[in-house]
Each structure stands twice: as structure tokens, then as C-alpha cells.
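In what follows, structures are represented as C-alpha cells.
Here chain A shows up in two complexes: once beside chain B, once beside chain C.
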Partner chain A sequence: MQLRPILSSLRRHKLTACLLVLQAALTCAIVCNVVFMIANRVQRISVPTGMAENELSVIQSTGIEKGENPQARHTTDLAVLRAIPGVQSAVAVSYSLPLDQSESSSGLCPSKQALDRAMQLNSIEGSGCMEPAVYDGTPSLINTLGLRLVAGRDFQPDEYVSAGKPAVAIVTRALAQHLYPGKQALGQSMYDGDNYIRIVGIVDKLLRPNLRKPGVDDDSMIWPQRPDRAGVLYVMRSAPQDRERVLQAASAALLKASPSRLMDPKRMQTYTEIRAEYFQRDTTMIGLLIASALGLLFVTALGITGLANFWVQQRTRSIGIRRAIGATRGDIVRYFQTENFLIVSAGVLLGMLLAFVLNAVLMQHYELQRLPWFYLLVGALVLWGLGQLAVLGPALRAAAVPPVVATRSV
Partner chain B sequence: MFGYYVDMALRSLKRSPVLTALMVLAIGLGIGASMTMITVLHVMTSDPLPGRSAMLFTPHLDPLPLDHKHRDDGPDPTDNLTWPDAMALLSAHRAKLQAAMAGGSLLLRPARADLRPFTVSGRYGTAELFALFGIPFEHGQGWSSGDDASRARVIVLGKTLDRKLFGSASGIGQTVRLGDSDFRVIGVTADWRPQPMFYADLSAQSFGDTDQFFLPLSAAVDLKLQINGNQSSWSKNDSGEPMTDAEMTWLQFWVQLDSAAQVQAYHQFLMDYSAQQKVLGRFQRPATEAKLYSLMGWLEHKNLVPTDVRLQLWLALGFLVVCIVNIVALLLAKFLRRSGEISVRRALGARRRDIFLQLGIESATVGVAGGVLGLLIAELGLWSVRRRPDDYAQFAQMDMSMLLGTLALAVVASVLAGLLPAWRACRVQPALQLKTL
Partner chain C sequence: MFDYYLRLALRRCRQNVPMVLLVVLTMAVGIAACMTAMTIFRALSGAPLPGVSPYLYVATMDGREAVDKDNPDYQRPDSLLMLADAKALVDAHRAAQQVAVAQSLASLGNADGKRSEQAYGLMAYGPALQVFGVPLRYGRPWTEAEQSANAPVVVIDTHVAQKLFGIDNAVGRSVTLGQRSFRVIGVFAPWSPRMQIFNLGQRAGNVMGQDENFFVPAQASLDAGVGPFTSGECGKGAPVVSFQSASVAQCRWIEAWVRLDTPAQVGDYGRFLAGYAHVQHDAGRFVYPPQARLYGTQAWMTLNRVVPDDVHLNLMLAGGFLLLCLVNVAGLLAARFLRRQGDVAIRRALGASRRDVFLQHLVETGLLGLIGGVLALPLTWLGLWIVRMQPVSYADAARFSPGVFAILFALSVAVGLLVGVLPAWRMCRQPPALQIKLA
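Up next is the complex of A and B:
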């Protein structure tokens, strides 16, 4: 294929060709960054919590009976919940579950010296202390949530406290490594300012109720403290298909056990719903990003087709002449395809440059990471493919121009 | 001449229906996406209290110790005032009207047997709150400063809550049991829901919520009622009385100032107050840290627009730019293809500016059609935004100014897109073109 005639014909349509190049470049730049953002969000929403997510459902209850003993209420309620057919186990927790938003966290130091260091710095940063999310709960929390114990043991019945702070805790593997880097964390005593808390077990993973930043999202601690407030969250484990039925039965059973309580219908959910709610903005954003990327590609394809159509109409006579002097249909199709390839290639080159500029701007304002180069490659391939596809129709129409056109005057 | 050009434009557009449809579709998509996001942003940054907002200001003091380090991800403690500072500003009475306030959610136990207990959120405030914000009353009135002083157990209900509790007869004189105390109903306000809730602790609540009751702040402190917003304490020792502690901020404070001179005087008063507190040893930071925000200035300072919404806006505008470039290319091809026709017109005496006008009108016609399509797409977009569970989403409605803005943007965009092609087409050499015909 000879490039010279194509180039010289493009030179005659400099402005139009430039505009098409510009459009391809802008599309390439935006689409590369949009795809990268989609990948980031997908990664964010698929973070594992460490729990048996699809087997859990929760129900919130707040006792409003005056003078009621909350812990006695919880014990009775749990017995009622466990009696529901299909419920394998049930526990009560004070605050929330991973990705459930309301969080209790507390400063925790590997040693007393580290705490002194933190006091001196007047900041937790750089002192070796961490700020893990703290989960409490009634016995068998580990089993009910389906957490994987990788070292040590679960709490023993006599370790549970009804008021005050427990003396032992189970931490996540991430928190163990952050507090005691390079050391055996099991058996160490953490200091919280008043008390020492001994690590008796390590679980593989347990996410925070609120994500902060990737490094510390998995810093959580569980301690054997029974919830002691009137408001409590009951967590039930059942087979995935039983969850809806279990929730209905649970709300009826709890109201029967004691009608003087508040149960927010919005806080009767399966864990799948809790998770979806937490990432709702991200899923909306993913949808919008996909829609805008597709929209951009669609508009660009429209532009290429529209222009190619015009050029085919405009060049009908010269196509006829070329056919008359021996060019095959394949030659004509290839001519338009090569022309399109040249334009899109120029657009892609410029687009890669723009993609990096756009990425730099986004990095500054929206905490986006640096764009990995293979996104550019994907962007280029998509645009080349799209261009070829968009030009195919007009090119075939051009190839259908009979040589006899050459002999007619316009 | 204008009508003739419009007619010519329509004829020309009809001659290549597919291309015209492509252009209208492109501009419609771009405008629709952009206007959806611009409307969302417009709603989020609009004036919550038109007419009164210019007179409302919120003072801010900085009682934090010098060595206090503020966590990036936490709320700013100086967003709110401490109890002693709020009471001092209140009793100084330097503004025309002033009120301290805080939000709270309480358990309400209805007297009616057919209603189960439920939680309601409302506001604890001082007497001038109603006059300050111009909250309209349906029945009764607010409380007096005497009630503030005597910590009276009185309450003003929102219309919706009043209806729910007492049916069609207003509940004036009745009692309502909130938390563990009885309050006597002295007034019922009409529905009043400024969006965003500028006077609330904006880090805790902003869009969507409304106050269903108002009761005296002094009574709330007396009964230690629950508070909704952030309570930032930097106290090293626990006083046991957190609400009245001098080292915990939790109160919002608003004043009405009618003139620039009053604003200036009040700001000076705040700085004098800070300086005085510094002399007394309670404040450590410079007196210039005392700030006075206007209502809109405060909203801007708090930046209520989520980064995702800004990102969506930029995405939509980027999309519009690509659509415009697309249309420029298509119009250019279209106009240049008509070189012959243009040359004939030029040869018959049409000036360049006539050609320019004719082609400009043709692009504007595409713009109007694209704008109408864009409006439909934007309405569809806003409908999908309203279905999001975000608190701001339900307010995403297009008003008249946005409606006209959409059409204007579409026409401006398409005329701009037509400029370059039209200019290029005007410069066709008639002699050259006519020769080849």
C-alpha cells in the first residue's frame, strides 16, 4: 500500500483531518483515565471483609423499657433468635460490622514507651502506636462472623467482661504486623493508656467499619466485652437462601419477646445489603464512568463514520477513475482503512500525551494514582479497532462505486 | 433575510438526514450529560434561605491550645463554639438578633396508643432563633428569653410532627414526652426546610434532614439531652459536665447583621473578645483567628459538594468538548462540500458576511434541535440522579433558569462549533470553484 497518495490527499483536507485527530486524541486521553478510574473503583468495592458475608444478616434493637438490664435483655433475645429455624448462631455487638459505618476506635500502643513517645509527639503518627477499629460482642463472635483464626485461640468464657475493659484481645494479622513489625505478636501485651491487653489470637482479616486508607483498613481488634447498652445489633448466621425469612422471623420473635423496643426497618438487613449500601456511591460512579466511556467512543465512532461517508461521496469520481485504471475493490477498501489508521494513530499518539497530562491533573485534585502505561496500550487498541470498524461501512460503499462513474461528468 | 436563511438551513439539513441526525445526537448527548451535572451542582450550591441569607453570619473562635494537632480526616473543632463562648456572645448581644443552637435526636413516646415510640430529630436553641431565621408559625409562637433563663420545658413542633401526634387539631397546650421528660407545646411552625441545613453542624448533617421540633437549649443542657453533631473535646481531664465544659465545642451560632458597618463592628467585637480571653489565659491562639462568615461564605468554606460530583461534572464537560470537536469536523466537511453552491451565491453578489450568516444560522438550527434533545436527556439524567440514595439527590430538579441555560448552552456550543467551518467556507475562491463545475 502506498502511503504517499493518502498523505497528499489528507494534506488537502488538513483542517478536517486535524479535527478528527484532535477528537481521537481527546477520546483516547479521557477513556484511558476513565478506564483506570473504573479499575480503581472496582478494586475498592471488591475488598474482602474476612467474614462469611453471604450468610449473615443483622437486626438492630433498642430497648426503651425504663430500668431494664440491657445484658439480661440481650441474653434473652439471643436465645429467642437462636431458636428460629435456620439460624446457626447469633451474637450481639455494640457498634457495627465491617463497612457498616459507625465505628469505635481507640489508640493502642505496642508498649508503654511507645505511648510516651506518642504523648511527646502529640500525635499517633510515627510513634509506633495504631488506631484500630474495636469490635466487641457476646461469645462465639468469631464463629458467627466466620472469621479465620490463624494463630492462638478464641476467647474463653471467663475472659468475657460485662463492664470495664477486658484483659485480652484478638487482633487481625495486619494490626499484629503494624504493632510488632518483625516480631511474634501472639502473647504480647498492648498498652492503651490505662491497661495492658494481651493478644491471645490472630485472625486472618477483619475490615474496619469505615475505610480510611489502604494501609490501615484492616487494622481491627476484637475484645471479649459484652455489649452493655440498650441499643444493640444482633448478627445471625444462616444459609444464604434463608436470610430473608430469618430476618422476618427474627423481627416478629423479638417483638413478641418484648414489645418495648425500637427496631428501625432500615436496620433489618442482610450483610449483602450493608455492603451494597456502603459502596453505593462507588457503584453509581462506576456506572457513570462506563456510560461516559461508551458515550465517548460512540460519538467518536459517529464522527469517523460521518466524515468517511462524506469523503466517499466527495471522492466518488476519483474512486471511479482509480477503479477504471485497474484498482481492485480491495485496494479501495484498504485505501480508506489505511487513511483511517493514519488519522487514529496520530490521535492516539497525541492522546497518550494528553492522557498523562489529564492524569497529572486528576492526581492533584482527586487522589488518583499514576496511570500505568498498559492502560494507554489498551486505549490505543480500542481506538484503532473502533476506527477500523467505523470506517468499514463507508469503505465498502466506496468499493462498490462502479468504474463507469469515471466516464460520467459530475 | 433571516427567514430565508432558516429555510435554506432546513433544506440543507434535510438533504443529508443521517449526518444531521448524527450532529443533533452528538450535541444532545453532550449537552444532556453536562446539564445533568451542572443542575446537580447548582442545586447543591444554591442559596438555602433566599432573601435572608445576606444578613446572616456565623462567628467562629479558636479556643484550641497551641499544641493541638488536628487530624486530617476528623471534623474541625473550631467549626463549633464552646458553651461559655456561645453564652458570652449571646449575653453581649452585639448583633440585632443572635441565637446559639445544636441538633439532637430524641425518643418520642406518643400518648396515642396506636403510635409506637419513634425517634425524632430537631433543634435546641435560644429564644431569638425563630426571628433570626424567619421561621413561620402556624399556631402559637416561640419561647421568650425568660423561658431560656428558667430552662422551661416548652417545645415548638414542626407541622408534620404536630399532625402525626395530634391529628388536625393543633397540639398547643398539650404535652409531648421526649426522652424522659414532658414538654408543653407552645407553637407549631409551618414546614420550613432550608437545603442544605446551613445552621446545623454540616459535617454531621447537611441535605435532606429537617427539624421536627425546637426546644430551649438551656432545658436540653439541664436534661443532658443527646446531641447530633460533632462534640470535639481537647480536655485533658474529665469534668463530668461535658456540655458546659470550656474545652468542648458543639454549638452553632448565628447572628443577623444588616449593614457592612455592623459586620465590621461585629468582627472587631469577636477579635476583642478573643484578645480578652487570651489575656485571661483561656485562649492561646492569636485574636485574628476569630472569623465571621457570611451564610454563603460558610457553605463555600464547608465545601458540601462531594468530590465525586465534581468529577462527574468534569467528565460531563469533557464529553461535551469531544462532542463539539466532532460537530466542528462534521460541519466543516458539510460546508466545504457545498463550495460549489457557495461560489454561485458569491458570484451572484452575496457578500462573505451573508454566507457566514447563512452557515451560522444552519449551525444554530442544529444547536436548537440538539438543545431540545439535550433537555430530554438531562431530564432523564436527573431522574436517575434522584433515584440515588444520596441525601442531596432528591433535590436534583431543573428550574426555569437551568431550562433556559440548557438551550442557551446548546445554541452557543453549536454556533461556536459552526464558526470555524463557516469562516473556512467563506474563504472559498468562487472563480476556482465555478471553473470546475
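Up next is the complex of A and C:
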């Protein structure tokens, strides 16, 4: 394929060619960044919680009977819930669940010295102390949530306390590493300012109720404390397809067991719904980003097709002459395809530069990382593909121009 | 001349309808995307209380009275004060105007208890209505004497007045609030800040301002058992409090807002505030260095990220989209115009100047832009409707307004002219002789 005739004909359409290059460059720059932002958000919303998420459902209940013993109420309620067909297990927690937004957290130090250091620094940063999310719950919490115990053991029945602080805890692997870097965390005693708490078990993963920043999102601790308030969250585990039915049955059964309680219909949810609610803003934004990326690509494709159509009409005569002196249909199609490839390539080159500039601007204003280079590669491939697709129609139309046109004056 | 160009432009538009449609629709979509994002941005920027909030400042300090081992850092400026501190700041009268307020949610009932209305309102210590510029329709705000006597008086808005009494002018009526009966001394038209400005630390995620239906003196309200919406942060040993509790004596729950008109006043008041906090710290009440600071309303909102980042990002995306549409249309127009070199050559040969040719083409693109704008109108409406359907906190901001219409009109003509400049310039550059030859 000869490039010279293409280049010299482009030189005669400098303005339109330049505008087309600019268009491809803008699309490349914006789409690369948009796709990067989509990828970031998708990564954010797909963070695992460590639980058997699609088997859990949650129901909130607040007892309003005066003088009622909350923990006796919870025990009765749990027995009622476990009797529901399909419920494999059920536990009560005070209010905290991963991604459920109500968080209880506590300062926790690997040793008393570390706490003194934190007091001295007047800051928790750099002292070795951490601020994990704290989860409580009735026995068999680990099993019900489906957490994976990687070291140690679950709590023993006599370790559960009804009021006050327990003496043992199970921590996540991340928290264990943060508190005791390079050491065996199992069996260590953490200090919380008043008491020592011994680590008896380590679970693989358990996310916080509220995400903070990637490094500490997985710093959580479970301790064997029974919920002791009238308001409580019951967590039930069942087969995924049973969840809706289980929730209906649970609310009916709880009301039957004791009608003097408040149950907010909004807090009768499967865990999937809780998760969706937490990331709702991100999901909306992902939709918008995808829509705008598609819009950009579509407009660019329209522009390319529109201009190519014009050029085909304009060059009908010269196409006829080329056909008359021996060019095949394939030659004509390839001519337009090569022309488009050249224009888009120039656009992509400029677009890569623009993409980095745009990325730098975005980084200043939003929490965004540097754009990895392979997004540019993907952007380039997409634009090349799009350009070829958009020019195919006009190119085929050009190839259909009969050689006899050369003999007519247009 | 202008209407001749216009007729020419219309005739040309009819010649190649698909092309014109493509150009016009591309512009319309770009304009609509930009207008949708701009409408939301406009609704969420600017002063939350026009004419008032640029002069309002909120006092922040680390007023904790006990060591908090869970949070030894004072990571974010805190505007919540104990009532005693707020009263001291207001009573000092060091600013042009000052008031302490806290958001409340309470049930207001009429005297016989037959009608009641759940309403948001502000508990205030000081002349709240005057400071925030709430326009009274009937009656008067409470006086200092009434406030210091803890007189049970309340100012309600016409919405509550209608609900409870069926009339606007409810001055003199009695309203049950908590366990006491309050006398209505004033009625104001429905009022809300344009954006959330009160108690930002605890109400993250709220963007749009809350409709405030009543104003009540803080102490009288507490006496009646009606407390703030959130009890704020309570010291150790305080009774366990829940939402809307009135036992907040040991909690920090109220904010002090002051009006300062000049930078000198701001500086003076800042020093006064720091001095006050230091005295408390030295006396041993505040256990941490207080770091007292004044924040202007806008800075306070920015610090607390009232307007989500997404809104800015949307505007940038929409702007990028419009830019791309413009380049696209400019390319199409250039091609379209260049095909007509023959017509232009004849006009030039007949004596039209370059300026005439340039203007003629600008009129044509301006017309196309205008048609694009007209098409963008329903598209913008559609875009706003889609945003309102989304579960986002700023969905309420997505409303069409006359101001938006004016911007859209201006934008579409500007877009039309902008995309036309390059192609039109290109058209008038070629010498007439060459163009005739080409034709």
C-alpha cells in the first residue's frame, strides 16, 4: 500500500483532517480516564467482606416492653428463628455488620508500652496501636457469618460475657499483621487502656462497617460479648433462594413470640441489599461513567462516518479513474481504511499525551491514582477498531463506484 | 442582509437533511449533557443563604472535657459546643450578630391534641431569625427578656400553621411541643438554606438544605423535654442518651454562628475565640489544646465535603463531551462548506467581500446551533428527569429553572458560532479566481 497518495490527499483537506485527529485525541484521552475511573469504582464495590454474603439476611428488632431482660429476649427470639425451616443458624449482634455503616471501633495496642507511646505522641499514628472495628455477637457468630478461621479456635461457651469486656478476641489476619508485624499474633495479649485481651483465633477476612482507606479496611476484631440492648440485629443464614421467604417467616415468628417490639421494615434485608445500599453512589456513578464513555465513542464514530461519506462523494471521480486504470475494489477499501488508520493513529498519539495531562488534573482534585499505561493501549485498540468499523460503510460504498464514472464529468 | 443570509441558510439546510440532522443532533446531545450537569452544579454552588451566609462564620474548637483514647487526634475541626460555651460566646456580644443553633426534630401539636405535625426546626440561643435572615410574615421574633426567662414561645412557618390551625396567621395560638404548651409569637414563610450547613459533622451525606419549620429558644425547648436531633458527643459518665434526648447537659451538641462584616472583624473575633478556648484549656476544662478557629460558611462546607465530588466530576465529563461534540460538528461543517466552494466563488466574483462570506456562514452555523438548542431543551429535561430518578442525595437539585433556560439559549448560539468560526474562516480565505476554476 502506497502511503504517499493518501498523505498528499490529506494535505489538501488539512482542516477537516486536523479536526478528525483532534476528535480522536479527545476521545482517547477522556475514554482512557473514564475507563480507569470505572475500573477503580468496580474494584471498590467488589471488595470481599469475608462472609458468606449471599446466604445471609438481617432483621432488626427493638423490644419496647418495660422491664424486659434484653438478653433473655434475644435467646428466646434466636430459638424461634432457628426453628424456621431453611434457617441453618442465627445469631444476634448489637448493630455492627460489614458495610452496614454503624460502626463501633476501639483503640487497641500491641502492648502497654505502645499505648504510652501513643499518649506521648498524642496520636495513634506511628505508635503501633491500631483502631479496629469491633464486632460482638452471640455464640456461633463465626459459623453463621461464614468466616474462615485460619488459626486458633472459635470462642468457648464460658468465654462469653453478658456485660463488660471479654478477656479474649478473634482478630482478622490483617489486624494481626498490623499489630504484631513479623510475629506470631496468636496467643498475644492486646492492651486497650484498661484490660488485656488475648488473641485466641485469627480469621482470614472481615471487612469494617465503614471503609476508611485501603490499608485498614480489613482491621477488625470480634469479641465474645452478647448484645445487651433492647435494639438488636438478628442475622440468619439460609440457602440463597430461601432468603426472602426466611425474612417473611422471621418477622411473623418474632411478632408472634412477642408483639411488643418495633421492627423497621427497611431493616429487614438480605445482606446483598445492605451491600448494594452501601455502594449505591458508586453504582450510580459507574452507570453514568459507562454511559458517557459510550456516548463519546458513539459521537466519534458518527463523526468519522459522516466525514468519510463526504470524502467518498467528493472523490467519486478520482475513485473512478483509479478503478479504470486497474485498482481493484479491495484497493479502494484499503485506501480508505489506511487513511482512517493514519488519522486515528495521529489522534491516539496526541490523545495519550492529553490522557496523562487530564489524569494529572484529576489526580489533583480527586482521589485518583496515576493512569497505568495499559489503559492507553486499550484506548488505542478501541479507537483503531472503532475507526475501522466507522469507515467500513463509506469505504464499501466507494468500492462500489464503477470505473465508468471516470469517463463522465461530475 | 441578515435575513437574506438567514433565507440562504434555511434553503441550504433543506438540501442535505440527513447531514443537517446529524450536525444538529450532535450539538443538541452535547448541549443537553452539559446543561444537565450545569443545572445540578449551579443548584449546589453559590451561597447557601444568599446575601447572608458570605458573612456568617462558625466557631470550631476541640472542646473535649475528657481524654478520649479512641480518638486522641483532633482530626477534623469540630463545631459542636456545650450549651454553656455556646451561651458564653453569644452573651459576649463580640460579633455584629451571634446565635447558637442545633437541629431538632419534634412533633408539634395544637392545643386539643387533635392535629399534630412532625417537623424539623432549630433550637436557638440568640436572635436566630435575624442572623439567618428568615423573613417573618406575621408577629415578631423572641426578645432577650423572653429568652432569659425561658418563656415558652415559638416561631413557626406557614406550613405548620396551615397544618395545625388551617390559617397562616397563627400568632397568639398555642402549640404543644414536648410536655409544654408554647405560644406562637411569629410566623415565617417556608424557609430552608439552599444546602446543608448545620451540624455537618454528624449529618454527612445530606446535601440539600433542610426545611426548617420552627424556631424555638433552646432552653425552653430542653425544659419541655425536646432535645436536639442528635445528642452530639457526650462526656464519660453522662447518662446514656439517644436521639432527640433532652438530657444533653454533658454533651457538645450546639453550634455557634456569628456574623462578621469585615476582615478586621473576622480577625478580632478569631482572637477572641482563641482566647476564650485557651482560658477554658488553662482552667483544665478542655483537656486537649483547643485549636479554636473560625470557618466561613463556604470554607466550612468545603471542609465537610457537603457537595459530593461526583458533582464536579459530572460537570467535567459533560464539558468534555460537549467539547468533543463541537470538534465533531466543526469537522462536519467544514466538509459541508468546502463542498460549496462553487457557490461562494460566484458570490465573491459578483462582489461579495470576505467579510460577507464569513458572516453568511456564521449565520448558517448560528442557526444550526439554535436549532440544536431547541432540540436540547427536551433532552435536558429528560436528563434532569433521569437524575431525579437516581438514588443520589442531590437528586432534588435536578430541576429546570428559567435561569437554566437562559443559559441554554446562550450556550446553543455560542456553540453554533464557535463551531462555525473555523470552517467559515476557511471558506473566505480562498481567492475567487481559484474557486471559479474549481467549480
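The rule is short, and it goes like this: the second predicted complex is superposed on the first by the 410 of 410 C-alpha atoms of A that agree within 3 Å, B and C clash if a C-alpha of one lies under 4 Å from a C-alpha of the other, contacts with A are read in each partner's own complex, and residues count from 1 in each chain.
Here is the rule we go by: a residue touches a chain if its C-beta (ideal position, glycine included) is under 8 Å from a C-beta of that chain, and two chains touch if they have at least 3 such contacts.
Everything numeric in this text was worked out from a predicted model, so none of it was measured.
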| item | value |
| --- | --- |
| Joint occupancy of chain A by chain B and chain C, clash or fit | clash |
| Touched partner set for A:232, first chain B, second chain C, both or neither | neither |
| Chain B versus chain C as contact partner of A:30, first or second or both or neither | both |
| Partner chain(s) touched by A:207 [first = chain B, second = chain C, both, neither] | neither |
| First, second, both or neither for A:355, with chain B first and chain C second | neither |
| Contacts of A:288 with chain B and chain C, given as first, second, both or neither | both |
| Chain B versus chain C as contact partner of A:312, first or second or both or neither | neither |
| Chain B versus chain C as contact partner of A:107, first or second or both or neither | second |
| Partner chain(s) touched by A:262 [first = chain B, second = chain C, both, neither] | first |
| Touching partner for A:64 - first (chain B), second (chain C), both, neither | first |
| Residues of chain A that lie at the interface with chain B and also at the interface with chain C | 15-16, 19-20, 22-23, 26-27, 30, 34, 122-123, 280-281, 284-285, 288-289, 292, 295-296, 299-300, 302-303, 306-307, 310-311, 313-314, 365-366 |
| Of chain C, residues touching chain A in the complex | 19, 22, 26, 29-30, 33, 69-73, 288, 308-310, 312-314, 317-318, 320-321, 323-325, 327-328, 330-332, 334-336, 338-339, 390-393, 422-423, 426 |
| Residues of chain B defined as touching chain A within the complex | 18-19, 22-23, 25-26, 29-30, 33, 67-69, 73, 107, 109, 116-119, 180, 306-308, 310-312, 315-316, 318-319, 321-323, 325-326, 328-330, 332-334, 336-337, 388-390, 420, 424, 437 |
| Residues of chain A defined as touching chain C within the complex | 13, 15-16, 19-20, 22-23, 26-27, 30, 34, 37, 105-107, 115, 118-119, 122-125, 131, 193, 280-281, 284-285, 288-289, 292, 295-296, 299-300, 302-303, 306-307, 310-311, 313-314, 365-366 |
| Residues of chain A defined as touching chain B within the complex | 15-16, 19-20, 22-23, 26-27, 30, 34, 64, 66, 122-123, 212, 260, 262, 277, 280-281, 284-285, 288-289, 292, 295-296, 299-300, 302-303, 305-307, 309-311, 313-314, 365-366, 410 |
